[in-house]
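Notes to accompany the following structure.
By written order: A, B, C and D. Residues from 1 in each chain.
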């Protein structure tokens, strides 16, 4: 970062490549600004203008990301950020989950009588943070992006201001999340101290140059950074916050967190991991120990997530635990990555599949949620297939996918993920994983039992389904099946993305 | 042509069966008389008889050594070098069986037209009867063991169906089931024997098997192990025969089988099916002859069965039961013959027995028919005058079975007795038991004859409609009144024919100039060898002794049953023995306690105690353990922010510590 | 002029960091916990500055500015959440927020 | 024609699914709509049957191993392709599926009155899954069909099942799922080994056959992976002691569900053994041969015993399936042509006769709404046609010669005697007990006086029901009398199966008794 010590004017100009590489961010940020303007203009009802602006921003960003796909990586802001396929890959996940979240929220917020424009702004902000996380090459930028994302999400979690559970979730998340951020930051400081660089590339260069000179400070620093991410993805033993927060947050937000936020954390995690961890010249002893830690963590995560999910009766909380479990599967991909031919591509494929099916499931929950996020207990789902045949069908698709049963995305992704783990000779880990997914089948299918095989309890009214939610659900169903049947494109994209780092 | 012999009854079956299914079975279906069905069925089997006769004549026209007609209909199963053809083969043995089977069957079909005249579903009855004939013919014409087995099981099936023909009576249905299952136990042995044959000799074709065995034995290729194997094979197959031919310990089904209509008892459970065991042993004589052990087993089982069944027959009151036990006993004789190596003697007794036993059963049927389903001989008597033809023909059968010369039974039985004494594998004990049995046979048959036809009637003639009905098929609802009457002509005619055959049938196998022995020679080598130390003159002595014994039996029986009060006294004096015999040595009860109950209890225990209580519990246990661990672990999530942070800290310290430890 | 050894400063900052973390563990008042978080961030700042001096590199100093900014935003959000919580719960004690569990 | 050949299998596999999708458009609110929906489903299944006859006609036994192949790259990075192909082993199971499907559909015209659209949709999708699994020559594709099949079955049992349907369907799903997951791990390992040994990725079963894997010990790859595969297939078969899902699933499933479950889904297990587990891991087979033969034998006797004491007809039939499928295992593990052919044939037989039994039970259940044996008695008099059909199927089930059942059991035992006479002798006890439980049940249901008033007015079979049963009855006899018709197209496949499944080639395993071999040789010389 010696370059920062002198001011060089050429750094302040943007080449056309750089400009177009920044377009997605401009779209999102521009939309945020415009939406704020629209929101404060009291003369018109803010709902639709804001939504229009927000969606335009997100869709514009998606379009411009799509235009960037496959292009050569572009370094931005003096190498603090990069726009490569890896970035685009994740940006698409974030943006799409942003769009879906917005779609799901429209009717939801009406129901909760809290249709405020800020909500959409916060979604945009956190989407921006996520995008930055995936693209930054600098620990401080990562921190800022992380905070940008998290702060917005803290507020979203507590968005149901008058609801006790929402408040509680927000405060818990805030306290623990800030603590974890501080830990991450402390790790960054230690890395900086031991390598003399705050940029990931700089750290990598240092490691490559002095493989033998790795100090405990470096190791500790790198690990603390990783813990920051492990906290966000809720790997055991850093998972404790997750069920409570997922349960307390408004349902669409939970969906957003489960997909976007987790993907963002993995995006940054992976970048840092690849840079400072395995691929580099760490000593074998550390690699073995790192492997052991991740291995244990993966096993515990899968076991804990699945076993506790088994006992849940609230669907949101169940999906929270299942989300922990899925983190465990993702960690398997993390462990297998360096040793298998496909590298981290299976992990990324899984993230996509996971995002699609989980988003879908949460949109369905958002539709069915009654005021104050009620109506999400198992017995509320009794006879759903009669009230909402299509919704039940969609939910069934998502649940089968989550359980990893063909021909759905969940199966294809899991197949690829575990396959690469076998290639990495992690057979025991895979055996444990598949047994854990067998456990998961039980609680996913139990929901189906309620939806299809039990008669409705009491008088249950049909929840109105908004067009927006319907579109979102339909799109996610299509995507789940599409990826399940034709996983090749996603796998290739992931492969391209990971090789562009 | 061979295939047609078997096929004709099958066609008859198809016509009658379809007719039954299409017309009689559907609700509101027409009630049809027995005549049409009966004529169809009788024509079919009659056609078979004619064809059999033609085949017989053709064989007769051939040189003795070449007397084989073969017809391959199609390849049944072909797997690699395992090839099983659907092949029919007629040789002297099977042609003689075919002949008497079709002959007797035709008569019984004819008889049934009258007997089943008032049945509700005659189509079904005659279809079954034809199916039986088809199976039986498959059994004797089949050129390989599996085809033989096809017939073997087929007759078992028909037996099952016909015993339980009046299925509305649970006891009758049970009797059918019992027959099938006990036969299955025998078939189990048959199957294993077949497998072993295939394993050892690589073929199941009877002719090829015979060649293989005879050639390797004459070439001296059979080692001790092979002979042991042959012994095992023979005994296993004999287990099959025990089932089918009702030998100890598998005879228990046959007495119960009398639940079926009487023509069925005559055809299946006296004349034909039950003798298929003897057919099998005779057919495989080349193997049995190689195994003295197996022969001994056959002989011992045979003679013991003969004696044992005769004792039971002494005290039975049901006319059909007496005949049934006598059948078991006579079958024992046949096996005794086979067991001492006198296969053709066994076969000749099969044929004579078919004549006189069919006659006796049909006669009994006629009596029952005339008595309106009364089967207890204690409630009969004096039928001589009321049923003249039945009486006369029955008498012929009675004398034949009692072994009075020159009736047919005498020749065949005497030959068996003589051979059981004189043959290489024979012994005095065999003869003694056989002879005692012969005396008992004469006794109980005379008892039966006397109680049924002689003396004064012990029943009341009912002038009105005979009300009691156990058969809802309306079998009893025939319109004519309750008077005891002679049976119609369709029933009497077969009786007459059979009576003639019973009288003269024995002449085909007169000792020392037996036409039958000669005829069977290509299949069954004639062996009149006499064991060392047996004087040829003994034959006449023994013959005289057995005739005298029979006469004595008849005499005592007449004497005794002329005065029933005396019988009662005798009964009381020997109450224990009588009870034991009346209850058939409690064999059924023994089997119930020994096999049926324990297996049933075990099955329930396995189901409730293992399937549900162990396997399922283990399986569900996995679920429970998961659920339980989930419940246990979830307690960690106390909701306390401090605990959450603490776990976070512990995680950091533990992982970082482990990592740094790796660095050190 | 006495030179302070870098390791002293680094140790000092790590102790402060630990104190901050301990605060999260033991303090029931959420406002205090917020302060503890600030404390942790400031400990990081101190570390950055120390390393920056040690390495003669400006990046560390710059990072501090960013962190301070973010910390401010974080406090703002945190306080807002605590206020919202106080409105519904009439309390800022962590003992009141154990509704969501298991 | 070439175009047709290379797409025929795809057409067969997906026709029912596409057809059923179109069926979703039929409005099912009215009576007319309901009827047209039923007809639509029936037509779809009949059309599939027609196409499958084309498959039969185009398959040349002497031709290449897999025929009518179609391969499209799917996920080349992992060597996964959409590969279809069929041989003799597939052929008859496809035919069985397409043959039974219209029957099952026709059989449920009256049984199912609720949610018709979903019902027929699921039934036809199930058909797609089943045929797909039989023709997939790519291991991944096979696994996809194998698992996907569970979904329709899950719903069929869970929605239209009996009282305990939820328990039953969950049990069914989880049992099967857990079993197949370990197989999945083994599949990964296999695919990986292909990469290691040949440098390319492939999931083609023909490529995987060529792998060399260590075997012979408990922990050798062949033994372990064989066990993983065998677990999945044994659960499906189901082999004692993994059979406890079956009685529950069978009893609770609706008639068509039971029929398909018993007739076809169970065959997946046997098919899996023959197509994958055996040829892939011959030394694993050798290592576990005795174990599985013992288990198969236990299944035969155990299944029969437990069947004997069941109070519920469907449960009895379910346990009889355990017994019958035990023969299949015994036959397969005997590793000779006679037994293997018998085992395969037994699978078809079981499909026909157990399928028919479930249909019959379903028919009487529709009339009486009970399946307790003790609630019947004397039905023969009330429903004579029903009795005739039931009798024939019962006889087929007890393997009476002349019916299909005999051929299978006879060949299996004949072959297994060579491999292990003692076990064969014990297994042959099943012949006795098979008769005991079936005839006893038959007697209690059909014979005796009519003891329950409700049974007096039962209607005999309707024309539709006769149409359902007649093809099955014809099949029973046709298969019993002309087995060679089936063997002809099967033989080369069985030979290939054996050549691969026996380590060191077919010649070695013939357990030759030195004494008798001399006799046989001499005799063959003559």
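By our rule, a residue touches a chain if its C-beta (ideal position, glycine included) is under 8 Å from a C-beta of that chain, and two chains touch if they have at least 3 such contacts.
Note that the coordinates shown come from a computational prediction; the quantities given were computed from them, not determined experimentally.
A.B. asks: More C-beta contacts across A-B or across A-C?
C.D. replies: Result: the pair with more contacts is A-C.
A.B. asks: What is the distance in Å between the mean C-alpha positions of subunit C and subunit D?
C.D. replies: Centre separation, subunit C to subunit D: 66 Å.
A.B. asks: Report the inter-chain centroid distance for subunit A and subunit B in whole angstrom, where each centroid is the mean of the CA atoms.
C.D. replies: That pair's centroid distance is 79 Å.
A.B. asks: Where the CA atoms of subunit A average out and where those of subunit C average out, how many Å apart are those spots?
C.D. replies: Distance between chain centres: 26 Å.
A.B. asks: Quick one: report the Å distance separating subunit A from subunit D, using the average Cα coordinate of each chain.
C.D. replies: It comes to 44 Å between the two C-alpha centres.
A.B. asks: List, in ascending order, every residue of subunit D touching at least 2 other chains.
C.D. replies: 174
A.B. asks: Got the subunit B residues that touch at least 2 other chains?
C.D. replies: 623, 634, 637, 639, 641, 645
A.B. asks: For subunit C, what residues touch not just one other chain but two or more?
C.D. replies: Residues 21, 24, 97, 99-101.
A.B. asks: What is the complete set of touching chain pairs?
C.D. replies: Going through each pair of chains, those in contact are A-B, A-C, A-D, B-C, B-D.
A.B. asks: Tell me, which parts of subunit C touch subunit A in their complex?
C.D. replies: Within the complex, subunit C contacts subunit A at residues 10, 17, 20-21, 24, 30, 33-34, 37, 40-41, 43-44, 47-48, 50-51, 54-55, 57-60, 62-63, 66-67, 70, 73-74, 77-78, 80-82, 84-85, 87-89, 97, 99-101.
A.B. asks: If you look only at subunit B, which of its residues touch subunit D in the complex?
C.D. replies: Touching subunit D: residues 21, 24-27, 74-80, 82, 121, 146, 149-150, 152-154, 157, 160, 164, 167-170, 173-174, 176-177, 180-181, 184-185, 187-188, 191-192, 194-196, 198-202, 211-212, 215-216, 219, 221-223, 225-226, 229, 472, 599-600, 602-604, 606-607, 611, 615-616, 619, 623 of subunit B.
A.B. asks: With touch defined as at the start, can you tell me which subunit D residues reach subunit A in the complex?
C.D. replies: 74-78, 140, 143-145, 147-148, 150-151, 154-155, 158-159, 165-166, 169-170, 173-174, 177-178, 181-182, 184-185, 188-189, 191-192, 195
A.B. asks: Spell out the residues on subunit A that touch subunit B in their complex, using ranges where they run on.
C.D. replies: Against subunit B, the touching part of subunit A is residues 171-172, 175-176, 179-180, 183, 214, 216, 219-220, 223-224, 227, 231, 237-238, 240-241, 243-244, 283, 285-286, 288-290, 292-293, 297, 304, 307-311, 439, 442.
A.B. asks: Over in the complex, which subunit D residues touch subunit B? Could you list them?
C.D. replies: Checking each residue of subunit D against subunit B gives 171, 174-175, 241, 243-245, 302, 305-306, 308-310, 337-338, 341, 378, 380-381, 384-385, 388, 395, 400-402, 406-407, 410-411, 413-414, 417-418, 421, 424-425, 428-429, 431-432, 435-436, 439-440, 443, 446-449, 459-460, 481-484, 487, 491, 494-495, 513, 515-516, 518-520, 522-524, 526.
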